[in-house]
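Worksheet: the structure to be examined is printed underneath.
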């Protein structure tokens, strides 16, 4: 079995804000990330699939196809977007929000990618790693 | 003469929007960057000063001092901010705006840094380089 | 147990071509990679061994020795070579070829390295990761 | 479960010297690393913790807290230090020494970090990776 | 005046071969680069233009336009190609060749880019830098 | 004219200490860098030469030759050394020292490289850039 990874980048805004807390509590927990005007990052996403290389093509998956899946499922929705305002899974309601932390972005990207990759023969999604900066990254390998 | 450079990073949001154009024209010129919810980047700034190393310390400037100047003059104002909404030089009025392109950010950072560095003895600001992504950067070396 | 990794680079040419297909089919599947004049990459290889650090030297393996193994077994054969034309395991016959995809290079490098490392005491080969570009890499951890 | 990683750097000196060997034997085994005046590196350390993101904050751990733990437990002791002379776990006695190889630094950093992280709720230390240079790194995932 | 740079990559093969020398002389001068099967690199090209930012758009040039120029003029011709066999300016005749060294690639790329950029208003080509590897690069700033 | 650059790395220790000051003054000016046990870095050096590419070889200079010059003149003296204790130009006497700051290392490396490169036909040393870390670098372009 081989683990094959493709990396891509997207540029997005976000903020950290829990709607059940007041401004003071949000700033205490989230610091400068609680600025409601938002701030942003060049995110890097690494998508790893695993499988046997096809004996005819030498491919675990066709990397052009994988690029297309990543663009359709993740980059189209996240790149040049405000994650809290433009992306449904991070929308803030009056009483709750899934905060777009690096951890939650990795899980959300997995959920977007997994069905499309599972539908392809011969490979399965192994991990999704998201870098918020070169110093901070989160990796999700699927649920139990 | 030696050219001494210090690099730092900041994370910020921005959008490209000219207030005298309608939405269609803004999107035609600026593409996805015209999304008014904003998007963001991990910017890198490289500040270069030039001068003779002090024979006693071996310093063109004290790099701890330069770090402090960069933090006070630029990072405090730009990091974890929305450049259009939180930073005065990029504010949008009804009739005009200085768009926070990489070019304009390099010029604006120069204007913030130059007086503080000119006030120090023995060195002068030589250039300010700003990376929006690893693929795109702008460098300003002062006016004529 | 500690996992110790050494990284090296090699520059090589390759093309993707299945000899049982005609040119049209090869181009359809492999795109620009099917150009028979070849194209090339700066490959990066990361070789990871695992074991207990020797209490006398603090080494899982001597990294100078590991560098020598990587040079003898992989770089001598792959660096400044055309993988399809100069490297036996990727030779194209009339009826078959192991296409030098990143996946297959990772497996081939493992097969070259594993016997030499297994012959050394106290460590075993844990994984071989090959980067074709910074955006694409494959990792092989041995067969079951 | 999500694996969350924070990266930091420190600059330190070290040498490789086994006190029960003479100079000739030390140089034979350790080469230029046996220079008793020492040499140095910009080390990078990656600390990975694992756990479920908190549903309220989206955090596996608060990254500001993790930064503080890394600074208190590791950087304060190792940064701008001579590992053999300034750090107790690498002290050379007449008859023994734990050589500050990359492998042993990864283990030592684990031992410094693990109690502080174990004392926090909801996450556990998963791995510590130390880069001596971009070409050489060691990863420790804890004992059995 | 601001210097604005855009970076791109291409993967290509080449060899170093002077047709007026025999194989022995070619190998003596060019070493492993003289292998006629070719070898390859992931090249990085940085194209720098200079000018005043347009007061309306904040652009020295439109970076989408610059990307298009780089793709049309350079990447279309060089990417996934064999520079000696597929690119006219590096063709080998019986008596001469422009060897595709990093130096000559920088000059050739300048010649391809300069007319298209000169035809645009408000900016001029300032430099072309080509990286063969992260360790080797050449920069051309135009003739006198 | 083309500017051709080769990059190399060396690992060295140093400290900042002015022998005419007491310990308190040294610590006040130099902070943690004044630790007399030393600390260290992975330095990167970029050596740029300029000239016309030779019409026969396509070389401004032979990069294998330049690598040899850099190894003989700089790396042999600086790599795996303590700059203050092992390198003559940074020796501390009772009354003076050239502190091995990044600025002074760039100048010292220039003085080591310039005569060897000037003795070669067709190229001249254009600049020496030294990175102490990825965040700090100094460039020297020769005296007036």
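By letter and in written order, the chains are A, B, C, D, E and F; residue numbering begins at 1 in each of them.
We adopt the following convention: contacts are C-beta pairs under 8 Å (C-beta built on N, C-alpha and C of every residue); 3 or more make two chains touch, one makes a residue touch a chain.
Just so it is clear, the structure is predicted and the values come from calculations on it, not from any experiment.
S.K.: According to the touch definition, list the chains common to the neighbour sets of chain A and chain F.
M.R.: B, D
S.K.: Where chain D and chain F touch, do the two copies share over half of their residue numbers, giving same, or under half, giving different?
M.R.: Same, since over half the interface numbering is common to both chains.
S.K.: Pick from D-F, A-D or C-E: which interface has over half of its contact pairs in common with C-D?
M.R.: A-D
S.K.: Between chain E and chain F, what distance separates the C-alpha centroids? Give it in angstrom.
M.R.: The mean C-alpha positions of chain E and chain F differ by 29 Å.
S.K.: Between chain A and chain E, what is the separation of their C-alpha centroids in Å?
M.R.: Averaging C-alpha atoms per chain gives centres 35 Å apart.
S.K.: Can you pull out the residues of chain D that are in contact with at least two other chains?
M.R.: none
S.K.: Show me, using the given definition of touch, all chain pairs that touch one another.
M.R.: Touching chain pairs, listed by label, come out as A-B, A-C, A-D, B-E, B-F, C-D, C-E, D-F, E-F.
S.K.: Which chain E residues qualify as touching chain C in the complex?
M.R.: Residue list for chain E touching chain C: 9, 11-14, 32-33, 35, 37-42, 79-82, 85-86, 133.
S.K.: Show me the residue ranges of chain E that touch chain B in the complex, using the header's touch definition.
M.R.: Those in contact with chain B are residues 1-8, 53, 56-60, 63-64.
S.K.: Considering the complex alone, what residue numbers of chain A touch chain D?
M.R.: 16, 18, 29-31, 98-104, 106-107, 134-141, 144
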